[in-house]
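Below, chain A partners chain B and then partners chain C, in two separate complexes.
Showing the complex of A and B:
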């Protein structure tokens, strides 16, 4: 087996008031598409941003994040900048606000390359046009001169994706890339990522709360809850035979067309407040299978599941 | 393309400016005449005979109804004749243009200094938003913003001219030495330090405060995070990404405050005995020199409108969303 492109071990992210990521560990192999699902506040975005060290100043990081064997948490600011956008790039949630409104789209895409050494204007403009064409934007030479407000939301997200892959990164982190888009446009973006992965072998870490998106794209799925990984396994296994009560509850709350589920089951209760310490398994107050030791000791992540009980689901 | 956009915008603003200038002129014309004081009295000197007063009034058309005077003024203005100063007997615009360079020199320098320093202070303060340095800068700029120009001017004179004797207190050049060439430029620059500082202080604090707020807003936007994720350095994010957005606010503030700067220049010129338009206007008010005052207001409103046109066009060129 080859070296993982990304290897996260026991990652902790804390703010002065709360710890939002606690002991997250997983690997991403070259060319692999890994989905991370979880509800808002589960720590999935913070985990993703930690990889590029794009956290607010007040955040404290602990543990280890290795990119191609190199420790990201020990890198100098210059090394991190050299990595950002070149080796590891990121697509964010809201295409409407991700482009600078006063700069041309083409110039912003070109900037991703000039920041990493490409200065030749002719090469840049050709590369920008071919990138825009590759994400399905017609008349790319002319569209490169457009400003963000002249693009639709779907076009912007495609252009952002083009910008993220401009330097042929080894890893693309997509943080809710389709959340703000129409369903039809969502599909285009997912197809784009699939193509990208197939043609250039870019590994993708896809952060989402949408299980359908994960199901269509990812071979591996990581489920996060309250700053922890609670389940990690091949997507089809996790979706058809979940082993953690939280994953199971999550799937019960998703509407399905292929079977009559009757009423959707909402997970009762609220996720724990990260500012309030909670003993034991973080899901125990909402878990139907809760046992005495679940309230006392936190279960370890073993064999891809973080659960003491492991009920037959 | 840029030139096409700029000229189209300028033309539209220029068309809007015509009624504005007319309104300024009309209001000035009537309001001056509502003010107490009679120019004929001032022109005729102490204890004139009633006959002499009537003669002076007739000579300057001051015996006509105000409306007739206004129409006569407009008719002449259309031919480029804006009247004659009652005091100096020179054509109004010639008098104004003679004093104009001194004011341009001082106001222009103050604007440039205030813009550069204000932007640097605002950006530096936004970069460290919430820190002690930021609090200090904000308090200092609030102080600078709250102090009236005439008072600041006198304090500076007391400290730097009277006590320390570093800079001259009045005038534009040394009266006894007639310098030429480089030495002359140095001399004028020396005389400019205190008045320019006084005038720039208010605008500087305005620019710093608005730039700081606009920068904090811009730095909080998603596109800044995206630029960071591309590998942009802190300085590039600050200037290329955030300031490109924030400077629209800065330029708007400069344009809007220009009128206040010009008004401030009147005060500063009087405090420092600067031989510019401010001094001229002040004297014209004192002497009830109606034609000169009308010309003065018309001239300054034209400048203010012109500066605002330039700032509007600059904003439109910098922010494509404003263009159309």
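Showing the complex of A and C:
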């Protein structure tokens, strides 16, 4: 068994007003594609950004994040810069704002490589062209000279992906990479990620709230709720036989084409306010199977599920 | 932008000229005024053969063919003095504006980018400079350290950066939270690199506006100092000409009128230009 490329243990992220990530633990193995789903505010983006230490200054981090055995939370600013973009890189959600509007696309991709030692102009421009070609942008030499506003949303997201993999990272974090895109373009980006993973063995941590995206791409799925991991397992098992009431409710609320479901079931209530502490299981106010101890003690994450009751779903 | 390119272009007008004439009227008029002044000042030796410092016995002559703007009380050709005097005015205007824009940009970018205590400190210093009665301080300092081109540039430049700093700071505070800054940081860029390569190009269009207004106000400040007798007599500027001319206001109207027109044209041109640029697509676009 090989070493995990990323190993998160008991991660806590807190702000002066609220704790948004509490006790998150999981591993990502080399070459693995792991999906993290959860609704807005479940702490999935904060978890991802912690890996690159890209959090607001007021954030306090606790626990451990190990990248190839090295503790990220103890790294010096110089070590973090050396890691960012080279070993671990990130694709952001909004391709419209992720490029600097006044610099050429090619120069911005080249910069990612310049920052990590590649200085030769000829090599850089060749590499930029081959990267753009590899993400399916035609006439890459000419397109590298274009400005971001000359690219469509889908092209920008591909260029962004090209920039993220420019240095051949061991881990790619994709934070909602398809949320801002058309369905057809979404599909292209997902195919691109699948190819990247297959050809270069880059491990991918995919953050999304779109279950369809996860289902098509990830072998493993982590479900987060209120800053905690509530379920963690192989994608097909989690999707076909969910074991946590939250995962089950989430799947019930997804429209399906293959069977008539009648009205969609919404999960009643609201996610807990991170600023107000809630005793017991964080899902208990919305859970149909709630029991007395659910309101008192928080269940541990055991065998990939964080639930006392474990109803047959 | 597409429509302008597809409209038919007359054979006698190149595309850039058509594009220029289609820009806001203030840009066109402003740049023409500035162009006329700058061309006159640079091409002074071609326009007149008279020496601005050469004395003669033809004192206080009215404008005539030999002396289009007349002569002053020492018989010097006024046209030459206005043209060469513009050199002093423009040089002081340009360099003090350059100094103040560089200072203002640096301070504004650092304050806006880092925020917190650094921002607080820098902004309090900026406000301290802003509440100084600028011209009064300039008068006092110049009379203490002596006049001369360099001193005037330094004093005017060091007193006029706060406005630029505040504009740039506000803009940087917006840019700072754009995703592409996070993306650059994610690529492993240091703060200095992020600031120079990613933030600076996004505020340059604002600097353009700020700089043209700054040049105008620096020329005004210099004229004011010269008018109070703090100019450098070896480098007569428009302000100095006005000061010398006002002694003969009732006898020789041309000694104040022509430098005044030159000064007004320059200030008006620069202000119109700044106005036009701030309304143009480049700046409006990056403001979003």
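Convention: the second predicted complex is superposed on the first by the 313 of 313 C-alpha atoms of A that agree within 3 Å, B and C clash if a C-alpha of one lies under 4 Å from a C-alpha of the other, contacts with A are read in each partner's own complex, and residues count from 1 in each chain.
We take it that a residue touches a chain if its C-beta (ideal position, glycine included) is under 8 Å from a C-beta of that chain, and two chains touch if they have at least 3 such contacts.
Predicted model, so just to flag it, every value in this text is computed and none were measured.
> In the superposed model built on chain A, check whether chain B and chain C fit or clash.
Pair status: clash.
> For A:147, using the defined touch cut-off, is the partner it touches chain B, chain C, both, or neither? Pick first, second, both or neither.
In the superposition, A:147 contacts chain B only.
> With the two structures laid over each other on chain A, which partner does A:34 touch: chain B (first), chain C (second), both, or neither?
Neither partner.
> Output check: A:52 vs chain B and chain C. Expected answer is one of first, second, both, neither. What do you get?
both
> Is A:159 touching the first partner chain B, the second partner chain C, both, or neither of them?
A:159 sits against neither chain B nor chain C.
> Return first, second, both or neither, reflecting whether A:294 touches chain B, chain C, both chains, or no partner chain.
neither
> Where along chain B is the clash with chain C: 9-17, 27-35 or 45-53?
For chain B, the clashing option is 9-17.
> Starting from the residues of chain A touching chain B, keep only those that also touch chain C in the other complex, and list them.
52, 54, 81-86, 89-90, 92, 94, 97-103, 111-112, 115-116, 160, 163
> In their shared complex, at which residues does chain A touch chain B?
Within the complex, chain A contacts chain B at residues 52, 54, 81-86, 89-90, 92, 94, 97-103, 111-112, 115-116, 147, 149, 160, 163.
> Using the touch definition from the top, list the residues of chain C that touch chain A in their complex.
116, 178-180, 182-190, 193, 197-198, 201-202, 204, 286
> Looking at the complex, which residues from chain A come into contact with chain C?
For chain A paired with chain C, touching residues are 52, 54, 57, 81-86, 89-90, 92-94, 97-103, 111-112, 115-116, 160, 163.
> So in the complex, the part of chain B that touches chain A is made up of which residues?
Residues 221-223, 225-233, 236, 241, 244-245, 248, 318-321.
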